[in-house]
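Two complexes are shown next, each including chain A; its partner changes from chain B in the first to chain C in the second.
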Partner chain A sequence: MTFDRLKKNRTRLITLAILTVLFVTASRGMPADDWALTVLRGLSVGMITFLVAAGLSLIFGLMDVLNLAHGELFMIGAYVGWTVYVRPDTVVDLLTPICLVAVGLALLPLLEPTVDRWQKQLTGRLPQVWPWLTMTLGAGGVVWLFGRYPLSIWHPEEFSQSPGTFALAVDQGTLQVVPAESTGLIVVLGFLLAGFVLAAGIAGWRRLGTAPLSHSGLPRGAVMAGVLLLLVAAVCWLANDSLSNWLLNMNTTGRFFLAMGAATGAGVLLGGFVETTLIRPLYDRPIYQLMLTLGLSFIGIELVRAVWGRPEFTMPKAALFNGRGDGCPAESFADLLANQCATMSLFGARIRTYNEIFIIVVGLVVLIAVWILLQRTRLGMIIRAGVQDSEMVEALGINVRRVFTQVFALGVGLAALGGVLAAPSIGLSNDMGTRLLLLALIALAIGGLTSFPGAAAGAILVGLLQQFMIKYGQIGIPLPFLAEPFKPSPPLVPASAVLLMVVILLVLPQGLFGRNE
Partner chain B sequence: MLSVKNIHTFIGQFHILEGVSLEVPRGTITALLGRNGAGKTTTLKSILGLTPPTSGEILFDGRSLNGRRSYDIASLGIGYVPEHRAIFRDLSVAENLKIAERKRGDLARKETLIFDLFPDLKRLIHLSGTNLSGGQQQMLAVARALVPDNDLLLIDEPSEGLAPVIIEQMMIAIKALSAETTVLLVEQNFIVATQLAEYYVIIDEGRSVQSGRMADLVDDQETIQKYLGAA
Partner chain C sequence: MTKSTFSLSNSLGLLALLLIMIALPFAIALFDGQSPAAVLGSETGSAKFIQGLLIEVFILAIYALSYDLVLGVTGLLSFGHAMFFAVGAYWTGIAFKSLGWGVGVTLLALVAAAVVQALLFGVVLARVKGITFALVTLGLASVFHIIIQATEFSTYTGADVGLQGVVVPEWIDTVDQRFRFYVIALLATFGFYLLYRRFVDSPTGRVCVAIRENEERALALGYNTFYFKLIALLLASITAAFAGFLHTVHQPIVSPNVASLGFTVAALLMILIGGVGTLSGAILGAAVFRLLEYYLERWFGPSASFLLGLIYIGLVFFLPYGIIGTWHISGFRLKGVTWLLERGRSQN
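For the complex of A and B:
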């Protein structure tokens, strides 16, 4: 039995063995401190890539959607996280109108039967025309009201000049906040109304040409979501100043973790929204779907440019990872935690706490958490079964479409978490998503497209390889038939990832962890 | 229990079912007979909404299945054992059964029944779906359909590709479970079908052409020759 399995996976085992040998050989050409640093950097880049690749592979495996917008969702995660971290007061201001408009959309299932009954009585071209008019009216109303809704002043430049400026300003209490003027009740109620008008239009459009709705129970989930949104909107509006001040006076560590949570949550919501409204109608048309996600990625970039303006930002590191006082750089992990050092010494190398330790830890936690979700929960069981045959899963009485939405939301949430996690280390820019998507796709191909461990292994391999190439670009590889050590030039770094993919796919066409079909 | 009234089904541009009607009385085994490509499998899939019919009506327990999604139809109490078993390879045998639960504890309640019918499965419970033989996969596929409280089982080609000994075992199992549920069976092996089923429906070129009691069909050599091509 075991022997059979070894034999079946012979090529795979040999490939893994060769990779290990190469890895060990690579480590012999450099001092131990360089080696430790390079490995940690590789793991760090690998973990960020993994967070994007994991969602891509889950989504591709379960619903055969290659989500080319995944990189941009990673980027949006970074920008949302940055905003929560640097301008929480603006976020609080924004939450009121967003939640109010969303109330109407959340109550869509409640509206639908009424709209449906009403629409079925209309005659002529009216049923086709009115939903579009109403949707335009609602959307126009939202835009018009937004111009009349005051926001805390938006000066990203102040904080993006130097990574330390913002943290310093907070520490010294010199952070200048220009609070927004309070809003009239009329404008607030206007948002609520506009949301309902928009939802009515969408309901009319969805019911167009369909059979009359027969069953109509109270959609409890929708009502609960609506009430919750209304509550958030009310709190953010009524307690705007105190909430803003509380967030601004919070220390940067707390706010950073808040930013991580907010970016992930925003990713989950955005993912759920994109899947239900845009991807779902196109499951039977894969080419259209591919074009849709490609288009979404362009829209994502332009959206970020329109909202955040400046092409590049830095995100200051939180206090937890930025200590430079006594006892730093830390000599041990205990010191590191006690002094909140920015760096620590390990194997004689200077290791940055955030980039080379925190990112890897978060990546590992996510890796294990998703693994447990896949292997130990009912949802995970359904996902693993659905990757093979989603029709059969549906035939067992499981609502596969709902699982699709959940998985899409989860995947986008992971990418957004990756974005906010990467932001303090690589900074924010319009093309950060595109670059990472490419790496993630390569990692996916190496790992075997639909395999979750494959995505993790592929991402880590790509990360390690690139960092070793960068390192060898500095110190050179001594080759027996060359007088001078060979120094890989910078363009070889991305090329090496593609090369690794080509070699692995030549030997193992289904990837490291893919299935022989 | 189940009545299908003149359904038409398209797959892509192909008009596969051009008017299929059938009745499945409660507590019986009804066999769906016909040549390869006659539309037997599509009929089962149309009942489940996997290939929804474009016209006609399907009633299950008096409720119309038209316009319902597949998971919703299955949840009404219809189990499906597809043609190629569709065992989930990445799941263990236990998980393959567990996933079919519609209520918590379904599997615990049905465990005795399932292991009485298929004692082999108990031994294989921790194996992964990849490592099962064809016969074991077929047993698992039937067992999976028994986990929730299903009133109707749609079983597609249970004897296909199995050794005679295993076919024997499958037949005993299906016969035994028909005491609990109603079965609509697609079966190429005419001998197996005659031994199992009480009623039959013949489908030819996408149309239901004849139905009745199995006992009457066995003697009707003319019909057998015309629609099934073999005795």
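For the complex of A and C:
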């Protein structure tokens, strides 16, 4: 039995053996401190790639959707996290209108029966026309009110008000913000009303279809969500200044963790929203999903450019990872925690705490958490079954559509977490998503398209390979028959990952961890 | 679909369209207050400008047609199609500039290069299929993209600034002989369209369609599907390389971007806009794609990309099978579209 399995996986084992030999050979060519640094950097890049690739892999495996907007969602996670971290007062200002508009949308199930009854009394072309008019009116109202809403925000065009300047101020602890004027009750009520008008239009539009009303009675979840949103909006409106000040005076470490949570949460909400409204109608038309997600990625990039501007800027590191005082660089992990050092010595190399340790730790935690979710919970069981045959799962009486939404939200949430995690190390730019998407695709293909451990292994492999190429670009590879050591030039770094993918796919078409067909 | 495409009414329609397209520059010149002779003399003006824009549309249309043959007709999803175009564009530039070859020799060598790269894709084709084929072709094209940007070959390819300073033979120079080049590009587009129509109706083309519909069944019927897919790739490669040739003749600078994933995605967008597998949709899609891009950029400046994204999403919802595809459905024929539905079901 064991021998049979070995024989069946012969190519796979040989490939893994060759990769190991290559890794060992590459490791022997450099001193210990360089090696430690290169491996840790590779793991760090690999973990960021993994966070994007994991979502891509789950979404592709379960729904056959190749989400080309995933890189842009990663980017949006980074920008949202930056905003919570650097300008929490802007977020507090923004929460009021967003939550108020969302109240109407959350109460959509409550509105639908009323709208339905009312719409049935209309005659002529009116039932087809009024939802569009109402939606336009609602959306226009929101935009108009937003133009009049006092907001304390950065301005990319002015240097003294640009995101980069604010980031620098946070880093030096000299951040000064001018609080926005308080908002009148009329504007607040206007947002609430506009949200309801918008929701009524959407409800009418949904009733144009042939689908029956999904439920009867009081939708308890919707009412709860509505009340909660209303509460958040009220708190942010009434206690705007004290809330802003509390956040601004908070320890940067606490604010950074808050930013991580907020970015992930925003990613989950955005993912759920995109799946239910845009992706869901297209499950029957696989190729057009590519066009849709592509269109979304264009929109994502332009939105980010419009709000945060085109220039790149940085996200300062939290105090926990930025200590430079006594006892730094730390000699042990205990010292590291006690002194909150920016760097530590390991194998004689200077290792940056955030880039080379924290990212890897968070990546590992997520890896294990998602692994447990997939292997040990009921939802995970449904997801694994759905990857194999989602029609069969549906036939067994499981609401696969809901699982689709959950998985899409989870995948986007992971990508957004990757974004905010990567931001302090690689900075924020408009093309960070596009670059990472290509890496994640390569990692996915190497690991086997729908396999979760494959996505992790592929991502780490890609990260390590790239960092080794960069390192050897500096020290050179001594090759036989060549007098000078061969130095891979910078363009060869991405090329190496691509070449690795091509070779592995030609040898193992199903990837390293994919299932045999 | 037993009906021949070369029926009398169809041919007359095409001929009329051809004549209208030839007359268009003259009409624009008259409208603009120039004499029709200005068109023949390539004088500066909106007629010359529109011709330039339309030549770009024709080049993109030929390129999109070749992608439609691979994806729409044969059902192969390739993410490396831009390489076919880029090889043509770069080869032409190098042959003209560094080797000093004439048009005829260049074109012959171009066909040879196109055959070689299609065979390279054929090596991949024999081993992997589905989305893996897409990713491996993406890998091959990315390697090519990186090579043409490498500094080692900058005397030939111009590295990341692109291939510059190509001197085009005078008789097809797009600056002095704009109208002549316009007609050449127009005729090439029509020629390739008719050739592809004929190919799809030929026994070989029918097998390609059968592969798209159900490859296992075509295999079971005794067709060696690999050779048919390879033929489609060969034809597409030669066509796309020819589009690349026209591109280099028309544009003085060849940017490395024509080998990037973005350019393959552009082809995908064009045939999705027009309708997958409809051939005429590829041409229409190329026109919509290029003109939208140009005019949105001109009217709205930097925010054009945002609007473009919105338009693409709108198209997906309001023209679910592309312009031509949706027209066919809401008309009375369902050709070339049912496979998408079938595919969606079989993949779930």
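Keep this in mind: the second predicted complex is superposed on the first by the 489 of 517 C-alpha atoms of A that agree within 3 Å, B and C clash if a C-alpha of one lies under 4 Å from a C-alpha of the other, contacts with A are read in each partner's own complex, and residues count from 1 in each chain.
Methods note: a contact is a pair of C-beta atoms (placed from the backbone, for glycine too) under 8 Å apart; a residue touches a chain by one contact, two chains touch by 3 or more.
Bear in mind the structure is a predicted one, so any value in this text is a computation, not a measurement.
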{"item": "Combined model on chain A: chain C and chain B, fit or clash", "value": "fit"}
{"item": "Chain B versus chain C as contact partner of A:I287, first or second or both or neither", "value": "second"}
{"item": "Contacts of A:P494 with chain B and chain C, given as first, second, both or neither", "value": "second"}
{"item": "Partner chain(s) touched by A:I301 [first = chain B, second = chain C, both, neither]", "value": "second"}
{"item": "Vertex chain A; arms to chain B and chain C (CA centroids, nearest 10 degrees)", "value": "80"}
{"item": "Contacts of A:L441 with chain B and chain C, given as first, second, both or neither", "value": "second"}
{"item": "Partner chain in contact with A:L189 - chain B first, chain C second, else both or neither", "value": "neither"}
{"item": "Chain B versus chain C as contact partner of A:E391, first or second or both or neither", "value": "both"}
{"item": "Contacts of A:I382 with chain B and chain C, given as first, second, both or neither", "value": "first"}
{"item": "Chain C versus chain B, contacts on chain A by residue", "value": "C"}
{"item": "Partner chain in contact with A:L337 - chain B first, chain C second, else both or neither", "value": "neither"}
{"item": "Shortest CA-CA distance in Å separating chain B from chain C in the superposed model", "value": "6"}
{"item": "Intersection of the chain A residues that touch chain B with those that touch chain C", "value": "391"}
{"item": "Complex interface listing, chain C residues touching chain A", "value": "124, 127-129, 131-132, 135-136, 138-140, 142-143, 146, 149-152, 261, 265, 268-269, 272, 276, 302-303, 305-306, 308-313, 315-317, 320-321, 340-341, 343-345, 347-348"}
{"item": "Parts of chain A lying in touch with chain B, wherever the complex brings them together", "value": "211, 378, 381-382, 384-385, 387-389, 391-401"}
{"item": "Residue ranges of chain A touching chain C (in the complex, touch as defined)", "value": "64, 66, 278, 281-288, 290-292, 294-299, 301-303, 305-306, 390-391, 438, 441-442, 445, 449, 489, 491-492, 494-495, 498-499, 501-502, 505-506, 509-511"}
{"item": "Partner chain A, residues of chain B touching it in the complex", "value": "48, 50, 67, 69-72, 74-75, 80, 82, 86, 88-91, 95, 98-100, 102, 144, 148"}
